[in-house]
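Once you've had a glance at the structure underneath, I'll fire off some questions.
Note that the chains take the letters A, B, C and D in the order they are written out, and that residue 1 is the start of every chain.
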Amino acid sequence: MTDESPPIAPIAEKSRLASFWSMLRADKFALTAAIFLVIVIASAFIGPIFLEYDAGRQNLRGRNAPPFDMERGWQFFLGGDQLGRPLLARIIVAARNTMMVAAGSVAAAMIIGATLGLIAGNSRGRAAQIIPRIADVIMSFPSLLLAVIVLYTLEPSVGNIIIVLAITRIPIYLRTTRAEILEVRERMFVQAAKVMGASQSRIVFRHMLPVILPTLLTIATLDFAFVMLAESSLSFLGIGIQPPEITWGLMVSQGRPYLTNAWWLSFWPGLAIILTTLSLNLLSNWMRTALDPQQRWRLEIGGKKNG
Amino acid sequence: MRSFLTKRAYASLISLLFLIVAVFFLSRLTGDPTNLYLPVDASLDSRERFRALHGLDDPLILQFGRYLADLAVLDFGDSIRRSQPALDVVLEAFKWTLALAAITMTIVTITAIVIGSLAAFRVGGLFDRTATFFSLIGASAPDFWIAIVAIVLFSVNLGWLPTSGTGTVWHWIMPIGVLFIRPFGLILQVVRGAMITALGSAYVKTARAKGVASRPIIFVHALRNAMLPVITVIGDQAAAILNGAVVVETIFGFPGVGKLMIDSILQRDFAVVLATIMVTAFAIFVMNLLIDLAYAVLDPRIRY
Amino acid sequence: MADHLLEVQDLSVTFHTVRGPVNAVRNVSWHLDRGEVLAILGESGSGKSVSASAVMDLIDIPPGEIASGRILFEGRDLLTMSHDERRRINGKRIAMIFQDPLSHLNPVYSVGWQIEETMVIHGTSRADAQRETVALLRKVGIPDPEGAAVKYPHQFSGGQRQRLMIAMALALRPDVLIADEPTTALDVTVQAQILGLLEQLQAETGMGLLIITHDLGVVAEMADRVVVMNAGEIVETGSATDVYRNPQHPYTQKLIAAAPGQGDMSHGVPEQEPLLRLTGVKKNYGAFTALNGISFDLMAGETLAVVGESGSGKSTMAKVLLQLEEASGGQAEYKGRDLLTLSPKELFEMRRDIQMVFQDPTQSLNPRMSVYQLISEAWVIHRDILPKDRWKARVAELLEQVGLLAEHMHRYPHQFSGGQRQRIAIARALALEPRIIVCDEAVSALDVSIQAQVIELLDKLRHELGLSYIFIAHDLPVVRDFADRVIVMQAGEIVEQGSVRQIFEAPRMRYTQDLLAASLDPDPEVQAARRNSRLEIAQ
Amino acid sequence: MDFRKYLYGSALALVAASPALAQDTSVTIVLNEDLEVVEPCESSRSNIGRVLQQNIAETMVELNTANGSLMPRLAESWEAVDEDTWKFTLRDGVTFSDGSTLDAADVKHSYDRAISDQIICEIGAKFFGGMTLDFNVIDDLTFEVTSDPAQPILPLLMSTLTIVPSETPFEFMQMPVGTGAYVMTERNQGQSIVLERRDDYWGEAPEVTKATYLFRSDDAVRAAMVATGEADIVPQINEVDATNPATDFAYPNSETTYVRLDTSIAPLDDVRVRKALNMAVDREAFLGTLLPQDAVIATHMVPPSTLGVNPDLKPLAFDVDGARALLAEAKADGVPVDAEITMIARLGNFPNVTEISEALTQMWGDIGLSVNLRMTEVAEWVDLYSKPFAEDRGPSMVMAQHDNNRGDPVFSMYFKYACDGLQSGTCDEGLDQMIADATAATGEDRGPKWTEVFNKIHNDLVSDVFLFHMVGFSRVSERLDFTPTIATNSELQLSQIKFK
């Protein structure tokens, strides 16, 4: 390949959004996943506005209504729960809390963990020694105890569950960020930036962070799933979110006693968790490619071929 | 090696001390064990006597000092609930958790490595896609849900396996099976990724040029190189089980530290909580040492 | 026809990629006889290694596909054999060594084990293999062969690793040895030793040797015949001497013309007050002394080359000068100030004046930034150079100045070839309008023809902008063409410095003489003469 | 490591067809939680009592829960000497499992242990607080007990005191010793306890020779274990799992659920609001839905078989409009009915507690009250349920479950209704006096006096929202002849289990 012939034809300049869209269309799995997630997020935003009342309305005499029965209205399409409330409506309404808990704790953990990791990775002083120890302590601190402490001293609100889950996830981001920074800070382009006189903060935010961000985002999408399951386990142990708040995890946990005679109570919210997790995994694979200029062509080319 | 060990032990000890302080004081925020231990209609007088008996009426800092002094002579205090030395209670439970963790992680490691390596050998093939898909699905389902469904299916409906308990090998199958799923999915992905890298590396090309057959290339040349990131994840997952597989232990009536931990937290049996944390922290410390040792064994470039 | 040892006939290999099928090689034919050295010469991407990979069954199918052709080994077509059959030939009858032996040796097994493995899989007993391994190690010149066998690849130097690779390849006395860029990235003196070893071993065993290289010097030193490849096709075949003396194809002509070390040497810049003066610069890493009192001057508009083998302290000197590493002692006087003791603010100002171009543009350009972002970052950092509304125009201007197009500014580094990337890196350095550019092996990773183009560019910019270069290189011919003055470094010290003519025509120090002697000339006759004189000296 | 033992063991177990029951006369019982200690003086805890009470450690007197009468057990007879002294005569020839013979000193020692400062036993704290008993040993088998203040129901109290040998030290036993028909032969913490029949028991030898207790906290698992043949008796299963009429029995478990109202804080200090709260609850709707069909709507704090219960009391009828009218009336008088009321319930208190709380919250919402549900974990709930209450608390209601299977209201009423009662949300001087009178009353007098107390609480004060007398479900293998009763909640006498 000679110097003067560019390896590929020039790419038409597209807006970032449009190019992302075409890359998304190139990956059918990721597209499906994205559509599903958009539906979930839309449910989280507008669902409670329209369905909050229906979702909370009990009907003790019509409990555990079986699914796929359209007579009682579309909201009962997935059946009714142990208090006769429509499952479909409840799943839609619960999307908000579920997403808030998962997104909130993952975002908080990522921001705090990555910040500490950046400090630990870039500092050569005492912080580099102390911060990893903090991670160790958090790692060994039993999350159940943390949950009970918060539950007892505060109250089991969505916000506090976010605190509990966020704290337990901080070490992952802290350790990953630190390890990546230790590697990235030796890279040639960081040196190049230094030679140009770039400030430390510019090097960190403009050069290091974009390089480690895909890794962090990949972990975050996987963590998102993990947090949903952890929240569900806390509910199972009785130290998670409490009714009348609802989350998918709580619904699975509450439906558990009925597994043998009304499977749909825990099945549908469980399916919602599985599908969301799966979608996030697929999307994270896609995102890893899309965010990497060196890999992006796979999707760009694919998009043209398919489009 | 010795200085490495000392340094590690020192760092762990400091972390552990922080942890003890944090757990000791934070756990006291969760209320007085007296109210939980005595019946709701016990008189205020008997409550006072109970507090005095267990030293709960002393200032917190005094209680902590006493605890540390006892700890210095390896006395972990007594369980209020069980009126036994806390360490005995914890070690008894830990035995079970250790067995569970060891067996589960051994099976997970072997299967994940074999399946992950084969998936990496034909990336994008049918085997690869199937393995990835099912490992993802399995890892996405709440574990208590899987556990109950498994009991209903395998014990009640099919009658193949006992529901719970620890009596025979058959009793271990379902708890291990449920615990297996999540680390398996994760480690499978890591093995697959690391093996794809390793199989694409230059030394594999050399091996092929030497005339080495496919199987030794995968399992001798590539695998040992791919193991480093895998071992890290194995360690993390094993630590998670050692810290207590609460849900699985609760459902299958498995007397491990996870169940002990949640019980003693809910019952405010602080000595047991602290002893549990210390025992598991020690176990994880030892395990991390073993992992570092494994690094050094697997990769001659690593020396401590 | 069938009397050739190894013969490739009409080989075409296609790779199916997401971007569609790519023809890696088309209708390639060559042959190799016993006792002969054939070189395949080509630049990166020419497909020069593909036919060798096909011989070794190293092409993954899919995505690769052998579209046509035959590969006859002793008259039998390898391509129609089963994998097992080919496995039995690989390593035993045909062996191969590679560029970059560190990554081609398995890092987690001892070198003894790896050499034994070759023998064991082809039927030697473990005990015999162990004995043989020690003998092999001794033969390829590894000191303490018994001890070396239980060591691991990372415990050897680059040259020793290539010797290990050779030992492994020769374990079963193969009929054919394929050496793919065997000496690239090695120091010149080590390169000469390795090539000497290959020559010697070939003479002993009478095997056919196929050398794949981009380096005319290696061809000149080694080859009986040469096959020149470009863009997947053979453009020219012939005896090494014929092809060099009388190239037929325009590509070959261009390639030979681009070979460095043939032009006029500089007469130097006029005597003047130095722009930069280093005095007694030291750098220690713990007990290890990386720089031991480096002193030199740099004039305005001058190209000062720093040569030496790896580990001589060349790059450390650059890092210290640019304050990427803190000096342990000494001064670097620039514009009346000591660069090594600047305050952060002064340092920031100094950054504008002294810039650097790194060896590997793939690594020195942030892969997640577009060309526009990469170049304009200079003005983000140094706000007073250029108002923002002129950035775009200036980036376009700079890109054109380094021989790229303005419309390239929205692309990302990976979309360019190696040479183009180095041009981007140069444009980035120019964005700050520096006085001095430190080029740390800036052209070493590039193909010959591109190397020449980049050197030409640097030369042009020097004249246009009055730049000074500190040109760190291990490749002497390039230095000969480009430098005004030369510093020779060894083990952290300057052993000799002088004008380029002085160094190349009358080197005073033994070390410099050795360096020059080890350097390969693209002319097979020159190289043959040197070889003879070496032999005479040895005798 | 133990696991190896299990590997070997499993090979044998396989041959023996895995979970089959080894002997015909042994039973396996699955409980929901392990015994933290195996100490007879703790056997008023239901998890401990179910294993130890009467099986290992016996009492002098046994309460017949069917009719509230007292039966002799280790004491052959008793009589009141005067107002505050009772005389007991012990059965002759009773031996402990350690070989020693039962005598009056053992009884005294058992009492001393129960109220000791050194071990704090639950029996002492629960039944013998606020009184002193003085033991006067007459001979080996006879003694007199003098109480201060006078205890008209002293024999009933003695039905709670488990008797241990006088050699027992003042620390919790690791191997319980008692006069019962069984001894503990094996204890694996967190997993199992094995009791085996004694040969030298004073009474008739029970049919069951060996009982293995297993501990499983998950409801579904426990139920499944009888279905799969791994166990014979599960005293507590979840109602939703009680699907097989051949094995699953409902039994009244002596628990009463109610919502305690804090009547000292507005708007709950207004009786109209309290009435409205009662009228808003559609109790019938719970039966057969969130609660078993067999649960009984409650009007008392104690089960219907208790002394003094007035069967004529009827709950306030479900009447949403009436409740709204009452609230409007109260509002007109300036009662802050719009104030947010916190409803506190305890996680896992009883099956469906969360759902029932949610349903109640909605029902109260339907009459226009603003009720906020707060599910808490047990420790916090105990704090909120018991005095001293927080100073700055808002209006609150606590859902609770109360267990009185002793047949006499005295074990409930002071705690739940007196001004100084630890869990009382009420303070009424008249009621205090009536409770004191009834407590002191003896003989025929006692029942009617309690009835007056019940009437006042239910009709005048309306100090709670009574919900239900609960039923539990148990699953019993078809090979056994055993029917759970109201006593099953706190004790499970192996001697009552017969084989078909």
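The rule we apply is simple: a contact is a pair of C-beta atoms (placed from the backbone, for glycine too) under 8 Å apart; a residue touches a chain by one contact, two chains touch by 3 or more.
For clarity, every value in this text was computed on a predicted model and none was experimentally measured.
K.L.:
Taking the mean of all protein CA atoms as the centre, name the chain whose own CA mean is closest to it.
P.N.:
Smallest offset from the overall C-alpha mean is found for B.
K.L.:
Would you mind pulling out the distance in Å between where the CA atoms of chain B average out and where those of chain C do?
P.N.:
That gives a centre separation of 50 Å.
K.L.:
Using CA atom averages as chain centres, what separation in Å is found between chain A and chain C?
P.N.:
46
K.L.:
Which whole number of Å gives the spacing of the CA centres of chain A and chain B?
P.N.:
Measuring from centre to centre gives 24 Å for this pair.
K.L.:
Quick check: what residues of chain D touch more than one other chain, meaning two or more?
P.N.:
220, 377, 379-380
K.L.:
Could you say which residues in chain C touch two or more other chains, in rising order?
P.N.:
Within chain C, no residue touches at least two other chains.
K.L.:
If you look at chain A, which of its residues touch at least two other chains?
P.N.:
In chain A, residues 148, 152, 256, 259-260 touch at least two other chains, as defined above.
K.L.:
Of all possible chain pairs, which ones touch?
P.N.:
Contacting pairs: A-B, A-C, A-D, B-C, B-D.
K.L.:
Applying the document's contact rule, which stretches of chain A touch chain C when the two form their complex?
P.N.:
The touching residues are 1-3, 5-8, 10-11, 13, 187-189, 191-199, 202, 206-207, 210-211, 292-294, 297-298, 301-302.
K.L.:
Can you list the residues on chain A that touch chain B in the complex?
P.N.:
It comes out as residues 133, 136-137, 139-142, 144-145, 148-149, 152-153, 225, 229, 232-233, 236-237, 249, 252-253, 256, 259-260, 266, 270, 273-274, 277-278, 281.
K.L.:
Mind pulling up the chain A residues that touch chain D in the complex?
P.N.:
Within the complex, chain A touches chain D at residues 56-58, 60-61, 63, 82-83, 148, 151-152, 155-156, 238-239, 242-244, 254, 256-261.
K.L.:
Could you pull out which chain B residues touch chain A in their complex?
P.N.:
11-12, 14-16, 18-19, 22-23, 26-27, 29-31, 136-137, 139-145, 148-149, 152, 156, 239, 243-244, 246-247, 250, 261-262, 265-266, 273, 276-277, 280-281, 284
K.L.:
For chain D, which residues are in contact with chain B within the complex?
P.N.:
Checking each residue of chain D against chain B gives 1-3, 6-7, 9-10, 13-14, 18-19, 34, 36-37, 39, 44, 117-120, 122, 124-126, 129-130, 171-172, 174, 188-191, 214-218, 220-221, 224-225, 227-228, 230, 377-380, 382-383, 385-386, 411, 415, 422-423.
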